[in-house]
Structures are given as C-alpha cells and as structure tokens.
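Quick notes on the structure that follows.
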Amino acid sequence: MLNTFIIGASGYTGAELAKMVQAHPQLALKGLYVSANSLDAGKPISDLHGQLKGIVDLPLQPLADPGSVAQQADIVLLATAHEVSHDLAPTFLAEGCQVFDLSGAFRVKGDEFYTQYYGFSHQHSEWLDQAVYGLAEWNKAEIANAQLIAVPGCYPTASQLALKPLIEAGLIDGNQLPVINAVSGVSGAGRKATMTNSFCEVSLQAYGIFNHRHQPEIASHLGQDVIFTPHLGNFKRGILATITAKLADGVDSEQVAAAMACAYETQGEANAVRLLGEQAANLQSVVNTCFCDIGWKLHGGHIILTSAIDNLLKGASSQAMQCINIRNGFPQLTALV
Amino acid sequence: MLNTFIIGASGYTGAELAKMVQAHPQLALKGLYVSANSLDAGKPISDLHGQLKGIVDLPLQPLADPGSVAQQADIVLLATAHEVSHDLAPTFLAEGCQVFDLSGAFRVKGDEFYTQYYGFSHQHSEWLDQAVYGLAEWNKAEIANAQLIAVPGCYPTASQLALKPLIEAGLIDGNQLPVINAVSGVSGAGRKATMTNSFCEVSLQAYGIFNHRHQPEIASHLGQDVIFTPHLGNFKRGILATITAKLADGVDSEQVAAAMACAYETQGEANAVRLLGEQAANLQSVVNTCFCDIGWKLHGGHIILTSAIDNLLKGASSQAMQCINIRNGFPQLTALV
Amino acid sequence: MLNTFIIGASGYTGAELAKMVQAHPQLALKGLYVSANSLDAGKPISDLHGQLKGIVDLPLQPLADPGSVAQQADIVLLATAHEVSHDLAPTFLAEGCQVFDLSGAFRVKGDEFYTQYYGFSHQHSEWLDQAVYGLAEWNKAEIANAQLIAVPGCYPTASQLALKPLIEAGLIDGNQLPVINAVSGVSGAGRKATMTNSFCEVSLQAYGIFNHRHQPEIASHLGQDVIFTPHLGNFKRGILATITAKLADGVDSEQVAAAMACAYETQGEANAVRLLGEQAANLQSVVNTCFCDIGWKLHGGHIILTSAIDNLLKGASSQAMQCINIRNGFPQLTALV
Amino acid sequence: MLNTFIIGASGYTGAELAKMVQAHPQLALKGLYVSANSLDAGKPISDLHGQLKGIVDLPLQPLADPGSVAQQADIVLLATAHEVSHDLAPTFLAEGCQVFDLSGAFRVKGDEFYTQYYGFSHQHSEWLDQAVYGLAEWNKAEIANAQLIAVPGCYPTASQLALKPLIEAGLIDGNQLPVINAVSGVSGAGRKATMTNSFCEVSLQAYGIFNHRHQPEIASHLGQDVIFTPHLGNFKRGILATITAKLADGVDSEQVAAAMACAYETQGEANAVRLLGEQAANLQSVVNTCFCDIGWKLHGGHIILTSAIDNLLKGASSQAMQCINIRNGFPQLTALV
C-alpha cells in the first residue's frame, strides 16, 4: 500500500481525489491538508462535502509542517493554488515522494510563461524542466518514469485529446488557426464565494477572450497556435469543447478515423478516451465519469470536433489518478470505473 | 408626475423597482441611491443589471444627504437592509414623503419583536404604530391613507394570501397548526457573494427550521400560529408555498371557494391574485409576473393549498408598486401588467 | 458468481442497476431485456445511456421467452411497469430465481389496493402474501429469507426511513396526521417523452394532492395514516421529504435521538442511513450515492424531519442492490460505496 | 386600431406574440388560432401558458376557414410550421392583409433551397420574390413597404446582427470562413414532447453539424459563406453566438467600432441592438427582453464577437413586432420596452 496525502483537500477536486484514493486497492489515504490558516482546518472533509459522509470523514488538517508529511508520504497530490504548488512541490520532491500537481505551476516549460500568465516568477527551473505533462493517453512512458507530474487542466485536456491525433498525423492545415470554443461548468472556478459564481449571476457567457492562460498551454503542448475561447455555462460540472479546423489538402474521413483509432484504440491497455465517430459528444454522458468523449465530422475541407469531459475528473482528479496508476504500474483506470 | 427615488437600488428588488417606476405613466424616476460607501456607487444601474441597459441607465448615487433627497421626493422606495430602513425612514417621513419600505423594519407591531428576531432595538415606536402592512389585497383602505407602508416579504405574502381568506371566514381548525412548507429561489437571499448562494453549493434544503423570522410575521398578521418551514431551491426566482391545514368541522369545498372568491374576485377592481380552484399553482406561471396563484383541494377534513409568486415581484417590488398605486388612486395593477 | 438478469433495462433505474451489477464482485451480468416490441431492442444499453459506454455495452434484448431466461438466472431484477412485473414475476419465481421487483406490483398486501390505486386486478395473491417489502434497514431478516422482494419506491423510502423509528418507539401523536411534503427530480417519472417532462414545462409544483398511490403504501407500512403531498422539482435526480409531526406528550430530543440511533447506528453492520442530528438534509449530499440522510429538530411539541435520497438509487436501484446483498449474505453496501 | 390575428398561437412564440399584441396601443388582438385538428382547440391560451392568465384568456380556435379570418384581419402573424405558413400565407395576402411569417417558408430566395433544406417544393415563387426579410435593423425601408415579411429565426438573427456591419464595411477576410458557434435554449425546439426535449435527456451538445438549414440562410443574407454549429443548452430561453473571424488586412478596433456604431447607433430611431464594446454578451442580460447585445474583441488579425438574444423574442416574436411597428409607422420598440 502506498501512503497517499492530499494537500488542498477542501476544494471540489480535493474531494474527488479523496473518494478515489479511498476506493483504490493499492493506495492508503493517510492525510488531508489545507493551508495552515484555513477556516476549514479541523473539520472533517465530509462537513464541506456532504456526499463523502460515511465514506471519507478524515479531518482537514492545517499544513504546518510539510517536511513531516513528506517523510511519511509515498504519493502527494497537490490540489492547491498555483503559487502554493510552486512553493510546496520541492519539499515533497526532495524527500523522494511522487508528486502529482493539479495546479498550473509546472505545466509549461519556460520561466517567462509564469511571469506573463500567472503573475509570479518561477523559482524552480530544474523541477520545471523535469516535470512531465500528465496528459495520460499521450505521455505514458514519461509519466511512468517521472517524479513530478503536472496534471493538465480541464480546457487543455478536452482540447488536446481531440486535436492532438490530427496534428501529430499532419492532418490539420495550421495556417488557419483551429478555433476552440469551450463551455465549462461553474465548478471549474473552484469552491469559493464570488459574485461571478453567485447562483443568480451565472449566465452563459464567454470570458478571457484572447487572453486566457490555457491558450498558450494548449498551443505549447500541441505545437500549433490556436484560438481558444472559454465560456462559463449554467451547470455545475463538465466541459464541452467544439473545435473547428481546416484540414490539410485532400484529407478524408478515413484518415481522421485512422489517426483517432491509432491514438486511442490500438495502444493495448484501456484508456479514458471514447471515440464516438460522427456522433457529437454531450456533457451528460461524461459527467461523473473519467472519460473524454470525442466525435467529429468533415465537410468542405473542414473538420468539427466535439470533446466532452467532467472538468473535475478527466479535467483534474481522475486524470491525476490515471497518472498515479501509470506511474506505479497499475491498470490505468484502477479506481476509476 | 410624482417624483420617485429608490434607495438601495443595486439589489435585485431595486432593479425591478427601477424598471417599474420607469414604465409607470404617473411616476418620474428621479434618482437611484446606494449606501455612501458602496463599491457600486457611481456606476450606471445597468452595469450591474444588464437587462436594464437602454431602459434605465441612471447612476447609482451614494446616499450622502438623505435630507436633500427627502426634499425633492414625493415617493421614496426603501429596498435597503432592515436596520438601514429603520434609520432612514423617519428622515423621509418628516419631510412628508410617502415611504414604501421593502425591509422588515416596520412590518410587525411591538418593539420586542425586533430585539428578538432582527437583533436591534427599535427606536421609532410611533412610526411603527402608524405603519400600515402593505398586503395589497387586504389592506387597501389603510394603504390609501398611510404615509408609511411596510411591504410584506416573499414568504409572508405567499402564505397569507392563501390562508387569510379561510381564517377570516373561520374555516380553519386552528388547534392543529397549519403547516406551511415553502421553497424560494436563490434571489431571495439578495445580491451578494456567499458560499450558501454559490452556484455549486445551492441544493434543495430546508433552513431556519422553527426559527425563521417570517414565522412570527405570518402568525401575527394572520392571528393564527403556524408552523413555517422555508426551503432554498435551485432556481433563481419564485416561491411555492404548500400549506396543509385542518378544516373546522363540516367545512366543505363550496365554503372554501366562496371565501376565496369573496376575498379576491368580488372586490370590484382587478388585483394580483388569480384563483386556480383545484388546479395546483406552479412557479413558471407566476415568475416574471405580479400575480399570486392560489389552488386548493379538500379531503378528509383537511385542505392543501398551493400558492405561488415571483419572490422579487409580488414578494417585493410589484407589491410595493401595487401599494403606490393604491395610495395614489391609480388602478392597482398600473405598470404591472 | 450469481447469474443476474435485468428486465426493463432501458430506463433510468435499469441503467443504474446495470452499472452496479457490473461492479459487484459476486454477480455476473448475464443479460439485459426490454419488452419484445420496444424500439430500443437490439441497441447496446450505452446507446441510450451514454455514461455506460465502455463500462456496460451489452445489447437490450427483446424478452421473447421469459421462461428461458428464468432457467439461466439466479437473480432477476424487474425494472418494469407495474402490470409487467405482476405478469412476469411468477415465471421467474417458479424456476426458483430470486426476484427483486422495483415496481409497485407486490408492495402492499391486499388485492383491493391494486384495483383502487393501480387499476388492475391482482392475480397472484399467494406471491403477494409471500413478498417481502425491501425497506433494507427495517426488514433485514425477512429479506434474507425471501424469494420475492418488493423494493419500495422513492417517496415511500424517504418518508418511512425518517418516520418509522419514531412511530415504532411510540414518539408520535398519531391523532394529528404527519404531514409529508416531498419534492422529486424529474427522473422519477421515468425515461419517456411527455409534455409534463418536457424541459420548458417543468416547474416546481405539487401533484397528486390527496390521491397519490404512495400515500397508502406509506400509511400501510408505517401503520399510521399520513398526509402526503408530492411535488415535481426542476432537477434531474433526488428527493427531499420534509415531514412535520406532532410528538406524543413529553417527548424530548434525547428520546428522538435514541430512537434514530437504535434504528440505524447500533445494528452492527453499516447501512445506508446517515443521521445528521439537527442539521437539515440536502439533495446534493445524497445525489449519486446510496445514502438516505435524515435530520430533525423539535420545538413546541412538534418535530420537523428532513430526509433526502437519490430517487434512482436509494429510491430504487441501490436499495434493490442492498436487498440482493442481504439476501445473499454479502455486506449490505457491496458495490454501493 | 389594427385588427390582429395570430395563427399557431399555442406555441411559445405564439404566447409571446399574444402578450405583445395585447400590450400594443394601436393593435387589437382579435383572434388566436390553432390547426383545425389540434387537441388544444377550444382551450383558453392561458390554460397552456399559465403566465397569460388574467392577461390574455382568449380561446385557441380551430382554423377551419382561413378566408373568413383574412377578411377581418389587418395583420396576420403566422407562428406556424414551415409548410403550414407556405400554404396559408397566400390566402391572407390575397385579401390584402399584412402577413408576418415567423416560419422559414419565405426567408430565402430560390425554390431549390426549400427542396433541399425544408423537404418541400415551394409553390409560391411570386410571393417568395416579394417577401422582405424582416431583419429589422437592416431592412427598415423594405419592411415599411412590404406586404409579406419573413421574420428571421433565432440563430440567423444573433449571427447576422453581429457579422453584417463588418461584412458590409469590408472588414472581414472572407477567405477564411467565419466560425459561428451558437448555443440555444430548449424552447427553440418548440412546445412539444420529444425525447430530445425531455428534461433528463437535455445536455449541452452540438447538433446539425455542417447541415443545419440556418447555415445557408445566414450565408445567403450575409453574402458570405460561414461555418455554423448550433448547440442545445440546458436552459429554457436565449441564444449566445460566439463568432470567430479573420479580419481583412490592417483592420483595427476603431474601424470595427465605427462600423458597429454606424449600423446601430447613428440611425436616428432607437432599435433593438445594444453595443457592448469589449464586454462580452451574456444570456441573462437579454432573456425576457427584445434586445440583441453585441460585444467584440480583436487580437492578432482576428475578431471574436459575442451576440446574445432571447430566442423567443428578438429571435422570433419581438422581432415580428418590430417589423409590425416599422411597417405601420409606429416607433420601432412600441410594446417592447
């Protein structure tokens, strides 16, 4: 049994992680932590997340001494704010823990990215260099050997899983930028009280137009610039990305289907991508699951892809768990289906 | 044209009031005010409430000098917190303004009620004595002659409009307390950022069990103790109250129908109550309207009443407008249908 | 491994059952059936319920020959219409199968109940007599020895689990009828296209006032008449019941707490009821779980109980699975948490 | 007073039209009709649309003799199915009525369009030629002189109002097709019971990818091919279109702002478009209003526009009313704000 700790366990992704670790036959959930001055410190996690009552009732402990946690941990999950992950990760890494970071702190190479998009100067270049991007279906070999895994966020996961097979196969005409329109449920903004998240104020709308930090994350890992427009939707969970792209000359639907199958269906082990062919993805089919559903259709030299995930699961927690499974040689979907 | 000012105009009821006053042929909307230190001061109201853009774009002014507003006003609408209304109302009343207070500050006779349920000591007993309860369909004569009208809140309006005809006609066996279960949309909690109002946290549930301050308001004005259980529902607007009561011996459905008709259908002028008979009230039919729909059914000596309103309209703003209309001799539903 | 078949597998409860049986370590999901003339016959279940794709992709077979299914089955789950269950159950019972019926066909003793409330004449009195009511936390011994288990529906489960401990302990003054107000998600009406279920028509409202067939089911199993008012809510899953009752003379909160603990916390094995004490139950904490959350509060000789379940799980499928577990000696919550 | 009749009054747009005509100072609502064999024939419209109770309670009459209606009518509103409008319009036109058709029967020039996209052969080419497209802000002069106005649907209205100013001003590089992603509320599918509209089945998803008939309608009236992807959203009313386009070389934000202002702000009379500049449009601000909100942002040679309307109002009924107002010389927003 691997001793597992969750840091930042009070939020929505923390709660999902707690449930998964608890259900995992090879992991032992040893501790849940929140920041030392959190008002939630001391409460059972099930006080905040009523669904966990009777399943996980461990207290949320104030993280006063990360070093001591590091000494007990085999696996550390960081469901913390970007800066907090940035500051904490080295402590756990120095003790040899496997670190799975759900924040943005180690996702993109190059310090200047953090200055520009996250508003802080990155202090841990060597770890940033070593960090492996935890897009589970694509980086399996690297994840299996990494100590620090930067789990991708929700928009980048939905976007890349749909586009990457085509880009890798050279099927996209990159001169016309692929257009990614994505709608996310409100839980994507985290567990907190803001006017934006207030029930009566939530309303379908675009935000972060031309300046959302997931755009460079997506572009960097795809090796292809894109136009990415996120939207807030009036639902709790899920992301639907609709992607319009120009195909390279002469590309037909067989080539697209072959690229998709090659990426997700002929790799041996079961993974978390379900290919729908010409059927469009929908939110309901993926919410509360670990899956990414991908559909596509071609016409007149263009392709429209639809890609749906649960933002808290494949867009965060279950992808982290996939990475844990890959890293430790367990079947990829252990504790997930 | 009567010069009309709205104090506390940034909230949901304030916005509804602004729209109504603007649409009213005999009222002139002269100013919108927020508290002097509000972060919204100076913004057009349509920055906060996008639906108003192009309809009402007046700025939200900081209320630095209530006395000066009082001198210009014929009518003052107070959509302010209870204590703020309590403190401000006398200033406007002293200048002879008609004051329509949407808070709880003048709804229930007796100072001790405020100490117990609102947490402040009432300082204006004489105004509290003079205040008329603005349940429009029931207190028309008094409203027509009052200077200070205390507009009832949402739960008391839905509850009393259904029960009062039966209680006045002696059709209820009051020894068994009527049971009022009511579900309110989230806008009932006002426009603010709290965890309770946070989109992902809202979930159908009871609150204030046995200790909500609308229970004594209802009981006091009905002259009948009741059990009142409010619930938060996962929708923006509307209240549905389901009321179960024991009938007095031998009461039949003709008597109930007659009492309802007598209260709401044979008073000459059109009012805001729509009687549904044996059909149950539903939220959708009343949301965005000024109406209260009431249905009822009898069986085995009991009656179940259903009563639905838009909490921001008949439960607040449109009822205030009905009172303005009654007070000034306009048809009761002017600017409302 | 027990060979398990689901009849009526195309609906919402059927899909939940399929997922649970698949996840159960001692059950083998051997076949999914729909009525012989269903338009869904032949399709994989995951075509109708996208969440199942990759988890359960078995086809929905037309049930042409129940006798042949009966010969292969150890366990048969009937998620069929009342009349269909009534007609089919004897075929499976005659072959010695364990039958778990999620319809109302065997829930209440007495043929005349079916004539009055279900509109058909019951033809299988001997099976009706032998049927055990599958309220898992209350009828464990009988379930363990039964061949036919009539799994209670959603409203009766939420209502009885809250009231039964108090009634059994004699804490309720039954002369004043307990008032049960319950709100159900739309999935309670099943998977079908009707104007009532149409997205734009759904609106919080009461229905079946004084004549819903769950009222006599509840009253019969509680041994106490009640007033039961169901409501349709604007959400997919879950039931919240708010119950107001008069306490017997002198009953205090210690007695209530003791009765609750005795019923649900001191029976040895973990069950699916979670006691919240003075905290109110809410939907979100139970949706997608097998649990029933119960809270309560006393005041002035009355008690208000709140009881929440997922209508498709504890109100149907997971309760059926609890019964399977009890019947076959597995831990009660196997495959449920 | 102009005698006004609504044909197809039982649906959502019919109900909205009835309310508007009733509120209009120069129109007299003379009759509501449904098809002769409708199950709703004979019912008051407020039985189907509870919000209308006490406001419009006229019966839905079976349309047995269109010719007789035509003789009494000054204005006929057709809120009927495409084929029904196609068949009925000439009867009313022959009698000299003004006809405002909310269906697709007369929106696009060229008979073959109807064969391909609507599945019927158009029989009234001369009326199709004469019909004026009722995009109110763009075709004012033609509408003022037309007898048959084909009111645009919801997606084309939201899309064209945003794109047309830029295309007319030559600011778009049409070689890269503008990408229109739009999400519609469920009411867009009309008032009927289908599995697709069923409450529990509705889930955010794309549909009609590359083959929705609004694509050629938009392209034809813009004179610019586009990629149009509609989505079903989990809400009742509203459409949000997010449009990504390549700008012509060197176009800057001043030119875009000027084109927008020229189209919508410097035409004298108030219209139904509200320009938001760099702010993004959101659904909540337009639902239950007659407005189209448009925002935009430029970056790297591209523009992203957001355009929001209430699909039942600016996308249908209120736009029809705008056309009536223009046609008859009333201020454009009469009965709308």
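Structure notes:
First chain written, first letter: the chains are A, B, C and D, and each begins at residue 1.
As a working rule, a contact is a pair of C-beta atoms (placed from the backbone, for glycine too) under 8 Å apart; a residue touches a chain by one contact, two chains touch by 3 or more.
Protein names from UniProt, one per chain: A, B, C, D = N-acetyl-gamma-glutamyl-phosphate reductase.
Remember, predicted model here, so these are calculated numbers, not experimental data.
Remark: among chain pairs A-D and C-D, A-D carries the greater number of C-beta contacts. The chain with its Cα centroid farthest from the Cα centroid of subunit C is D.
Measuring from the averaged C-alpha position of subunit A to that of subunit C gives a distance of 36 Å. We define each chain's centre as the mean of its Cα atoms; on that basis subunit A and subunit D are separated by 40 Å. Computed centre separation for the pair subunit C/subunit D is 46 angstrom, with centres defined by C-alpha atoms. Residue positions 201, 234, 282, 284-285 of subunit A each touch two or more of the other chains.
The part of subunit B that touches subunit D in the complex is made up of residues 50-51, 53-55, 270, 274, 282, 284-289, 291, 293, 337. Those residues of subunit C whose C-beta lies close enough to touch subunit D in the complex are 12, 186-187, 191-195, 197-202, 234, 236.
Interface residues of subunit C facing subunit B in the complex, by the touch rule stated above, are 176-177, 179, 181, 183, 201, 203-207, 209-211, 227, 229, 231, 233-235, 238, 240, 242, 244, 246, 280-285, 297-300, 302, 304, 306, 308.
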